[in-house]
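Read from first to last, the chains carry the letters A, B and C; within each, the first residue is number 1.
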């Protein structure tokens, strides 16, 4: 009889590390309804988008240390391919979403093939250059891409099958789902053989090769995944903002922002991009409010400054600090449920 | 297309190659000694251009004369950058290096944008339109002067590196930091010198092209990307390689502009990089 | 008793700039033996390793493993075929744990990380690192880093292991331990090539020795014979010590 009592009482125990994430998830689900006006919903949608983009970047650059500053190329490709398909053929964005991702993935093959022949900073500059070259090409072929004016998604009001909604709420939930998806993919990848191999390559590529790791192939696969997710982000962004242009979609500014999200939050971790996205979007909104968009270049100057500051003082990002805080807070919280006598 | 048009583009390309070689040399100098791939290098060019422009605009100083001011100014700037921004991250991983220099690049570009606006600036000098006409080909003299100026500076630099003690010390640090320390060379001083010199050369390149090139805040990006292609194509560390590569790149860009359009020059240059990485990954001077 | 040739090096040559690092080198390694490769500094021992394992491409010559031509294959392909090496200067994955370091090697033959983790733990025990399994590899002592090098290589389940100066800088006790470990490897069916300077170790371990000098093979045979070989003595000590 004592054994039975023990079995029953050991089965139900609600510890902070279980209910806090669950509460947070619930919070995320009701968040839009808690916010006073659509502007704030817009902010959290942007946060979710940045989680997605930063998370996508993190897969290759965070884990394997191959720092790409040309990821905008994948974002822009997804956005443009999808929008062109929607505009010219009337295909539903729910479908062109995957075309956009696939196009970005296809692009990652030649880009990886070229860039992986270079190491370290040279790899990074090559990615910058290739994204720049793509931007120039998109600007150039204006019969297809409408050049510097960019593309617009024709506004159809509330049309869910065209991924257009009256209110911001549905966008929020889709963005949340996409962001969660990216984090989930990161989690699966991290635990897989590829995930381990990427870390090894990032630590010491020669040693990794000597252990049988085909570093080029591993990097290529990570890049494909990263590019695909980035492309999805581009499609969603196009649908959300209705307007895309070469400078915004393929520009170095975007590539830097995306990298910054992961760096500030913590590269090579699952939740790093999520933390970084929240911080960065907060930062962006604050600077926009403070500077009121008055001075050209001031905003970007601040990003540059942020980049430099982070590198000088917190190159690993805030993740470890966050983790410590979180663990400490958890330890203060009570647990529920029956305990053994 | 007429032969003369083709020759025109060829000559323009060759003349521009001198400038690209100068910028690439500064980049290589910094990388060779300090081991930092300076993505902000294009901004040194841009700053050189703006200094030259404002000296002309405010005090009527001739661009070539103002080199005497531009170069020392950029030298000091380079020294400051090394001391306060590069020095702390010398031992840091690649990520720090890249993002520091990219961040610096963004800051400088946007400071220029903020201070000087995005307006395209240009200088009007009496010799700005001088040209030699040979057959159907027009050689714009300012371009020729820029080429000769670049050549001169490269020559002076070579003499400095090979004939003076400091120059040799610089090369020693580039070759082997530890051993040069044993020889009593202070590497930190050499780093300051290297970045200062690299910046001065880039600034000079900027000053030399102001008579025929528009000045605007983002002008530097193209230069650093092209310089980077030159360095890779020419094989990291090879001087002859860099010279040959800058010729190829200069001509390719020029011909690319001729055939594909003025907005695709950079695309052609990057096409060269792609081809080189595929067919000759270790560069022109490397063994396959 | 049939002896089969596991590794065959034939006519290997490599130059760097003006220096001929390896010249026309040929030797064979029999399955199950421990081959020692010795020679004065700069004789091309490590370069030979690089050439065999794909870190450098030979100018001329062939490398055959298990009858299969592996000349010029990239390092990961060489390792995948069962030929694994350690590095003279240890290259740990510094920021991750010792266990995870070894896991990286185990994943080659066992793609499932859980399965690989089991193999990793097993190897850690064999090599004596299990007590430090959770430490960051970068914080290990030199000798432990050497152990880690060996452990990682072992985790890939190689048929042939190339150990590059594993014993450099070890004290007497550590050398004895290392010799014991390498001997047990041979008992478990592994073939080993050992590049060493620590004479005592290489003499007691090796079944045969190959002696290099300035990139060429100058002697080959049982340790006792090779050591008496005048050319070998000359290479190490200079002409004055050549016995008449």
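One rule holds for everything that comes next: a residue touches a chain if its C-beta (ideal position, glycine included) is under 8 Å from a C-beta of that chain, and two chains touch if they have at least 3 such contacts.
Just so you know, these numbers come straight off a predicted model, no measurement behind them.
Among the chains present, the centre nearest to the common Cα mean is that of A. Set against the C-alpha centre of subunit B, every other chain centre is closer than that of C. Averaged Cα coordinates give subunit B a centre that lies 46 Å from the centre of subunit C. Between the CA-based centres of subunit A and subunit C the separation comes to 44 Å, rounded to the whole angstrom. Distance between chain centres (mean CA atoms), subunit A to subunit B: 35 Å.
For subunit A, the set of residues that touch two or more other chains is empty. Annotation for subunit C: no residues touch two or more other chains.
Considering their complex, residues 37, 39, 85, 88-89, 92-114, 117-118, 217, 221, 225, 228-229, 232, 261, 263-264, 266-267, 270-271, 273-274, 277-278, 281 of subunit B touch subunit A.
Residues of subunit A touching subunit C in their complex: 191-193, 196-197, 199-200, 203-204, 206-215. Residues of subunit C that touch subunit A in their complex: 53, 55, 74-77, 79-80, 84-85, 87, 91-96, 100, 103-105, 107-108, 111-113, 116, 152-153, 155-156. Across the interface of their complex, subunit B is touched by residues 65, 67, 69, 113-114, 117-118, 120-122, 124-126, 128-130, 132-133, 136-137, 139-140, 252-253, 256, 259, 263, 267, 295-298, 300-301, 303-308, 310-312, 315 of subunit A.
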